[in-house]
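We call the chains A, B, C, D, E and F, going by the order they appear; numbering starts again at 1 in every chain.
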Amino acid sequence: MSVVVRNIRRADRSTADAFAAFGVATIHEAQGRTGLLEPRLRPIYPGAHVSGTAVTVSVPPGDNWMIHVAVEQCRDGDILVVAPTSFSDAGYFGELLAVAVQARGVRGLVIDAGCRDVAELTRMGFPVWSSCVSATGTVKETLGSVNVPLVCAGQLVRPGDVVVADDDGVVVVPRAAAGRVLAASRAREEKEAVSRARYRAGELSLDVHGMRERLARKGLTYIDQEADD
Amino acid sequence: MSVVVRNIRRADRSTADAFAAFGVATIHEAQGRTGLLEPRLRPIYPGAHVSGTAVTVSVPPGDNWMIHVAVEQCRDGDILVVAPTSFSDAGYFGELLAVAVQARGVRGLVIDAGCRDVAELTRMGFPVWSSCVSATGTVKETLGSVNVPLVCAGQLVRPGDVVVADDDGVVVVPRAAAGRVLAASRAREEKEAVSRARYRAGELSLDVHGMRERLARKGLTYIDQEADD
Amino acid sequence: MSVVVRNIRRADRSTADAFAAFGVATIHEAQGRTGLLEPRLRPIYPGAHVSGTAVTVSVPPGDNWMIHVAVEQCRDGDILVVAPTSFSDAGYFGELLAVAVQARGVRGLVIDAGCRDVAELTRMGFPVWSSCVSATGTVKETLGSVNVPLVCAGQLVRPGDVVVADDDGVVVVPRAAAGRVLAASRAREEKEAVSRARYRAGELSLDVHGMRERLARKGLTYIDQEADD
Amino acid sequence: MSVVVRNIRRADRSTADAFAAFGVATIHEAQGRTGLLEPRLRPIYPGAHVSGTAVTVSVPPGDNWMIHVAVEQCRDGDILVVAPTSFSDAGYFGELLAVAVQARGVRGLVIDAGCRDVAELTRMGFPVWSSCVSATGTVKETLGSVNVPLVCAGQLVRPGDVVVADDDGVVVVPRAAAGRVLAASRAREEKEAVSRARYRAGELSLDVHGMRERLARKGLTYIDQEADD
Amino acid sequence: MSVVVRNIRRADRSTADAFAAFGVATIHEAQGRTGLLEPRLRPIYPGAHVSGTAVTVSVPPGDNWMIHVAVEQCRDGDILVVAPTSFSDAGYFGELLAVAVQARGVRGLVIDAGCRDVAELTRMGFPVWSSCVSATGTVKETLGSVNVPLVCAGQLVRPGDVVVADDDGVVVVPRAAAGRVLAASRAREEKEAVSRARYRAGELSLDVHGMRERLARKGLTYIDQEADD
Amino acid sequence: MSVVVRNIRRADRSTADAFAAFGVATIHEAQGRTGLLEPRLRPIYPGAHVSGTAVTVSVPPGDNWMIHVAVEQCRDGDILVVAPTSFSDAGYFGELLAVAVQARGVRGLVIDAGCRDVAELTRMGFPVWSSCVSATGTVKETLGSVNVPLVCAGQLVRPGDVVVADDDGVVVVPRAAAGRVLAASRAREEKEAVSRARYRAGELSLDVHGMRERLARKGLTYIDQEADD
């Protein structure tokens, strides 16, 4: 039952790279509000923004052996996506593993568990989105799998999918949909630029987007505050 | 049942502004330990410290329509206070809405739910105190209310009340009590300055505040560690 | 039942100081994976790294009187370790107490409850590891104890034990074991330096640590992705 | 600042009593989806269903002194509503206090904190809705207030308001609205009886409530599963 | 993007039914420790144990419209599996919907959100596994989808998969694997019967399963307690 | 580092047995409010009430091997106390292990992690206090220790200590203190019986315990509700 899938099909490299120009919130909207990992995953330092292709690692609780196995399957432009088979807040990943995967061009880690050595990871500029920070170590006793589809923080992630992460969280874009979602993200961004300019000039979204009539139809009532309450 | 209350009575502007000189912890004490919102509300970046008058927004879970409605009711010196009618960790508020309310002089957002675009909000210097960060978007389908009294993170907030927020959290001061609480905050600060100086000089609070006798009366016993344990 | 133990035996000063050169994760491993406080304790600002000897304070929920009592028992090189007898998220400790203990050479605070004035504490460079930030004040009505063994965030801490804290969390080293654990930490660090160099050069931990045979024996299988899924 | 308000105006007794015929969910809907306490309040045993008038108690964390004070203010048909001023999971209320309030005709307790002696309370048939069960005792050192408006589990409760609690949770109905909400609850129940009968006969809500056209207009699409996936 | 998939392929009926003879823990083990939903899903009353085929419903937060749509797609032997697209503790499902789906032969509900009317559901014998109980109602404003693959409480569930639920939780068995997993569950149960008989007779698992040598090899040491500690 | 300590000194059997006559809340008070495990430990069924001597098991996250090892160390009148070295919600213990330990006279299990087969455990009358119910299995790969002092749910438990558990939670009484705490529990119970009788007769604790003067001295003020609010 424990497998390592080699030579996975990854989303197109230039497409995956291009996603880093868009925020996670924008991509999530552009994708029809799907693919967002649960907000318990938080960056270990502010300001990181990466995109890449997923190498997935299914790990037992408190056992990081399969991350060591996964390193060999990583290549330039990948993002490691790690999910334990049941809840764990152990620190699966630290500076040594970061050195190892950074040497292979991995851009970051997304893990629904803990990571450690966050001061060193910050200095190295290796970003991690994790559900907690924990110095707890792990053992190397039980197998798991690499590059199988898995659920990470509530979302299905398949190997080779595009993963984008920034200060708002993490979104996964299925490999097959990457081109379409990238275009939709661009379109959304352009539309937002127009709204932004009008808002900055003091216009109201009620008018920019013509919401007043629908609000009235739903029954919204405007009143003035009474003389005294 | 869905109303927008216009022309609310706000706390006196200079009073509201003056609160920014005092920490949330000081104001909370000065107000008799009332008005503090639950500590799950955290700032999206460190170092912000604002005071202002509340514009309140009661929103359905996962629906930010009423925040758009509320923008028009905001004016210079306000702070938006948003509470969902049941738990939500959706990202109700992002950079576009921040541009819109900043254009009207709003100083910050307090929300018992999620916000997004935190990198942009940080760059803009628009502070938010929220219960989480989440890229999840919201819909615009169901009405709520603007400028009604509401409970946000465990505290009753009325439109026009003073809201103060810093790295320690958020406190609300009722409009009618603002002058009195401001004076009490000043008095408290002055008293603390004296204690600070004495502590810095190495004096003990046990002596500065004469606690020793009351401690002894309650039964506190001093012993020396035994030779070995 | 309320006691203050004076003149506790502390771990050797130079040993306690020397721990600051090692990360919490390293020390935890070097100590056989024991002594790590639960990861809910987080630093109020990034980058702090301290070691010292524990002065322990057992406090009632929402009552910080015994911290005032504890100040007198602190001396240069100590770290305050505070645990409430049942859950509390109150803000037990703020800038005034920090001034008082910093004046006595205390290096930081570890508390399984809330702290406040985090902006000032950051400016002062007084690090705190706490389970939350909260402006809620506390009362001074009920006794507790100082320098008794207590459980803080899941770990037994005895007065005089070594406490080390960094961005990864907090670890306690029993006084009697300090010398041995310090040596083991050094040894571990040296071993890791070798791994780090080899990883940086692109070697895999599978090879550096000879894991391949054991993985195969456990049944790990390598397959190539099929033509299409 | 610590007061006990005597001789509060209570909602009409027969109205308050009549609410016990309706479920909390029904009343919450009938009241325009307001007044529901957060779902962390759970009954200590299944099957209880009570309504009554609120006697409110604002308590410090870990201190139940004011509940003793409140007993004297209770009378037949009341429900005690207790909220700590900051989070507490202490066991504020046990069998002895239940004997005391049951002797005065109190019908139950709603508390945003812990209770204890749940085996005895179950045997006595004294229902409690609490945020946890905890044997932790409390002290009697610090004052609070009785019969002041307070926020309990996210809702404003005023003394004399109607409180209804069942296996689904707890709802508060403002004293002034009690008659109107009771009538609306009855109307809602009658309407639901019609739906229930039709559903039981196999009719679909899509048809009973004519939802199909609106669903289609919003864009809902029906497809058949493909030959194989 | 909102679809209702009709005429889904369901797991074989007799196979799905046969799973009810096995506990969730047994099936989870028999399936190689996969498919278990997160333990936050708890039964609303003890003692229920059902198996059936999944009809899946993806719902917006706080909006139960699609459950009404899903009723029509249910048939005898199904289990409803509902997951919101982001966190919600609203009460999506109550007695009226239970009447409607029970009339179509649905055996239970699995929902990663709240349900209500639990007293009535208990009386009806309609079991629900939910992440909370909440009287909060929902709106009918936003579309979702029926019978699409979704992630519920951390597991991928596809329409037609077998779902089994008991007091221990909920497990999903992929449609294609149902026969194989059923056989493995039977085999496991038989093996456990042998162990049970031997344990009951006082034999130790250390001997029954021959663990002593492997424990010794790993380094387990037996010592006797010293004269005094 | 992995040891099994045999032939531990247990608290006197008749003393340990006698504790079952007293509630956990009473014992906790009688012991000076110490020894109570955190309230996240809940019984899997209502009504159980046991006392016994602790056999302690320190287990790795997700690995129950050491519980199998511990069975042999159990004897009539013991209670198993299990704590993982870092957070785990796995189901460490089920019906088979219960058969094994029940055959040796073990009276219950206290575990700061998950248990499973709760329907069977209920039928067997084998009580468990756990932090969750979970069907997740565990592996048998990593050693831990049996009969070492450990921290379980926030309290230090030593092998041979008395453990008492009922619907309110779990308390530990150090072996050396058992006789004294038992006597204090009896005394407390007798005192409470007097209060109970007086409360039942309608007397107020304010009078029974003479609290009125101290309340007045602290500043409690009684007012009557104003004509209208």
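Here is the rule we use: a residue touches a chain if its C-beta (ideal position, glycine included) is under 8 Å from a C-beta of that chain, and two chains touch if they have at least 3 such contacts.
What you see is a predicted model, and the numbers here were worked out from it, not measured in a lab.
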item	value
Contacts common to subunit A and subunit E (chain labels)	B, F
If a chain touches subunit B and subunit C alike, it appears here	A, D
Same-site or different-site touching of subunit D by its copy subunit E, using the half cut	different
Chain pair with the higher count of C-beta pairs in contact (A-F, C-F)	A-F
Chain centre separation in whole Å, for subunit F relative to subunit E (CA means)	30
Distance from the mean Cα position of subunit E to that of subunit B, given in whole angstrom	42
In subunit D, residues with contacts to at least two other chains	33, 36, 85-87, 89, 134, 136
Full enumeration of touching chain pairs	A-B, A-C, A-E, A-F, B-C, B-D, B-E, C-D, C-F, D-E, D-F, E-F
Of subunit D, residues touching subunit F in the complex	2-9, 45, 65, 68-69, 71-72, 89, 91, 94-97, 99-100, 103-104, 114, 116-120, 122, 132-137, 140, 143, 147, 159
Touch list for subunit B against partner subunit C, complex	23-25, 28-29, 33, 36, 39, 42, 46-47, 49, 166-169, 171, 192, 195-196, 199-202, 204-206, 209, 211, 215, 218-225
In the complex with subunit F, residue positions of subunit A that touch it	60-63, 85-90, 134, 136, 139, 141-142
Touching residues (chain side subunit B, partner subunit D) in the complex	1, 32-34, 36, 38, 85-87, 149, 151, 154-156
